[in-house]
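Both complexes below contain chain A, partnered by chain B and then by chain C.
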Partner chain A sequence: MLGNDIVDLNLAKIQSNWRRKNYLDKIFTIGEQLLITSANNPDEMVWLLWSMKESAYKIHNRKTGIRDFAPKSLSCTIHTNSYGAVNINDSIYFTKSNLQTAFIHTIAAPVYGKLEKIKVAIYELPDHPDDYKSTKPGSVSHHGQYLALVY
Partner chain B sequence: METPSNLVKIASILKPYIEDHEFQNLKSSDHLVNDLNIDSADLVCVVLDVENSYGIVIEDAAIENIKTVADILTIVESTVDK
Partner chain C sequence: MNKEEIIEALKTIIEPYSEEVTALAHIDENTDFINDLKINSANLVDIVLDVEEKFNIEIDNDSMAKMLTVKATTEIIAQKLEANAGQ
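Right after this comes the complex of A and B.
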């Protein structure tokens, strides 16, 4: 089981004002909020943590059938800039993120060793393939200009 | 109890977040993500807008149960009535 999430940073910048009052408190744990407020690049940290939560949630959702919108119940730990983990109740999902100036993409797997075996394809408009479903991706993420598929 | 005025008010809150701007007939049964295609990051903004509009605080546990327009109405009407 795989999860992935892509954030178009240009779209996020204009669409989601995370600096508005109480926004961070609704999504992020106290520890995550400390990571954001102490980061050199808080915008990047917000969307890195968000993509980690989303990618892990996609696996957890399929595994458990739970579809509650509860981002604070997903707790992120960053091991390095690229690797991290997300805890949800008694489950843990491992993540690997690709931080670019235009997007942040995170893949998630329930087993750490699987991260390196995941194949990633990222497409930018207007080059999205029409028939990507026929390739049977393990997870699909779409945001703004970007389509991300993992196998 | 669900009142038409609250549905109208919730509709005006949701409107900027609905990707399909031609969407006209909001129903209380509409699912925020599946039917209205509201981005998951924007659900937080919807909650904050509802809080600001009604002068209420929606607890985290209640947010977890928000899936449809009716769920927002239920939270608003049960909180405002208190």
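Right after this comes the complex of A and C.
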């Protein structure tokens, strides 16, 4: 099983005000909040952590059949070179992120070795393929200008 | 506040976060924030914070975890209002 999540940073800027009172506390663990407040680019850190959580949740949700909104119970660890891990209860998911100025894209897999085997396709409007479902992607993510597929 | 009044107040909160005009016009208990209203998951947090402010209640993490539909959200608001009233 695979997960992926893309954040259109230009849309995120207008769609979400993470500086709103209590916002970070609802989503991020104390450790993650420290990463954000101490980051050189806090906006990038917020959406990096968010895309890690979302991509891992997409696998966990399919694995357990449980649908909920508990972002704080997904705990992120960031390693070097945009690799990371997300712990959800007793499960761990490995992530790799692609940080660009216009978007952040994260892929997730339940096994670390799988990350390098994942094929990624990112499309920007108006170039979204209509028939992408027929290509049977392992995970689909849409946000703003972007469509991200992984195989 | 009865259930209908809570749903009405909730509608006002939800509206700015959805562009699904038809689904918004037909909000009922079974409406799902993500599947029906296509609300971005990062905006679900805004809805939770708006609910806290509007109803003067505190939504704990376990309650927030269930807040994916109008029905679940309405039930949580009613419970919290009742708990506040009993204090």
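Just so we're on the same page, the second predicted complex is superposed on the first by the 150 of 151 C-alpha atoms of A that agree within 3 Å, B and C clash if a C-alpha of one lies under 4 Å from a C-alpha of the other, contacts with A are read in each partner's own complex, and residues count from 1 in each chain.
Here is the rule we use: a contact is a pair of C-beta atoms (placed from the backbone, for glycine too) under 8 Å apart; a residue touches a chain by one contact, two chains touch by 3 or more.
No experiment lies behind these values; they were computed from the predicted model shown.
Participant: Between chain B (first) and chain C (second), which, if any, makes contact with A:Y146: first, second, both or neither?
Facilitator: neither
Participant: A:A12 contacts which: chain B (first), chain C (second), both, neither?
Facilitator: The answer is both, since A:A12 touches chain B and chain C.
Participant: Which partner chains sit in contact with A:Y23 here, chain B, chain C, both or neither? Use first/second/both/neither.
Facilitator: Both partners, chain B and chain C.
Participant: One more residue to check, A:R67. First (chain B), second (chain C), both or neither?
Facilitator: both
Participant: Contact-wise, after the overlay, does A:Y93 reach chain B, chain C, both or neither (first, second, both, neither)?
Facilitator: In the superposition, A:Y93 touches no partner, neither chain B nor chain C.
Participant: I'd like to check the shared interface: which positions of chain A are touched by both chain B and chain C across the two complexes?
Facilitator: On chain A, the residues that contact chain B in one structure and chain C in the other are 12, 15-17, 20-23, 26-27, 50, 54, 67-73, 143.
Participant: Considering the complex alone, what residue numbers of chain A touch chain C?
Facilitator: For chain A paired with chain C, touching residues are 12, 15-18, 20-23, 26-27, 50, 54, 67-73, 143.
Participant: Spell out the part of chain C that touches chain A in their complex, as residue ranges.
Facilitator: Answer in residue numbers: 40-46, 48-49, 52, 61-62, 64-68.
Participant: Spell out the residues on chain B that touch chain A in their complex, using ranges where they run on.
Facilitator: Against chain A, the touching part of chain B is residues 39-45, 47-48, 51, 60, 63-67.
Participant: Which residues, counting only chain A, touch chain B once they are in their complex?
Facilitator: Residue list for chain A touching chain B: 12, 15-17, 20-23, 26-27, 50, 54, 67-73, 143.
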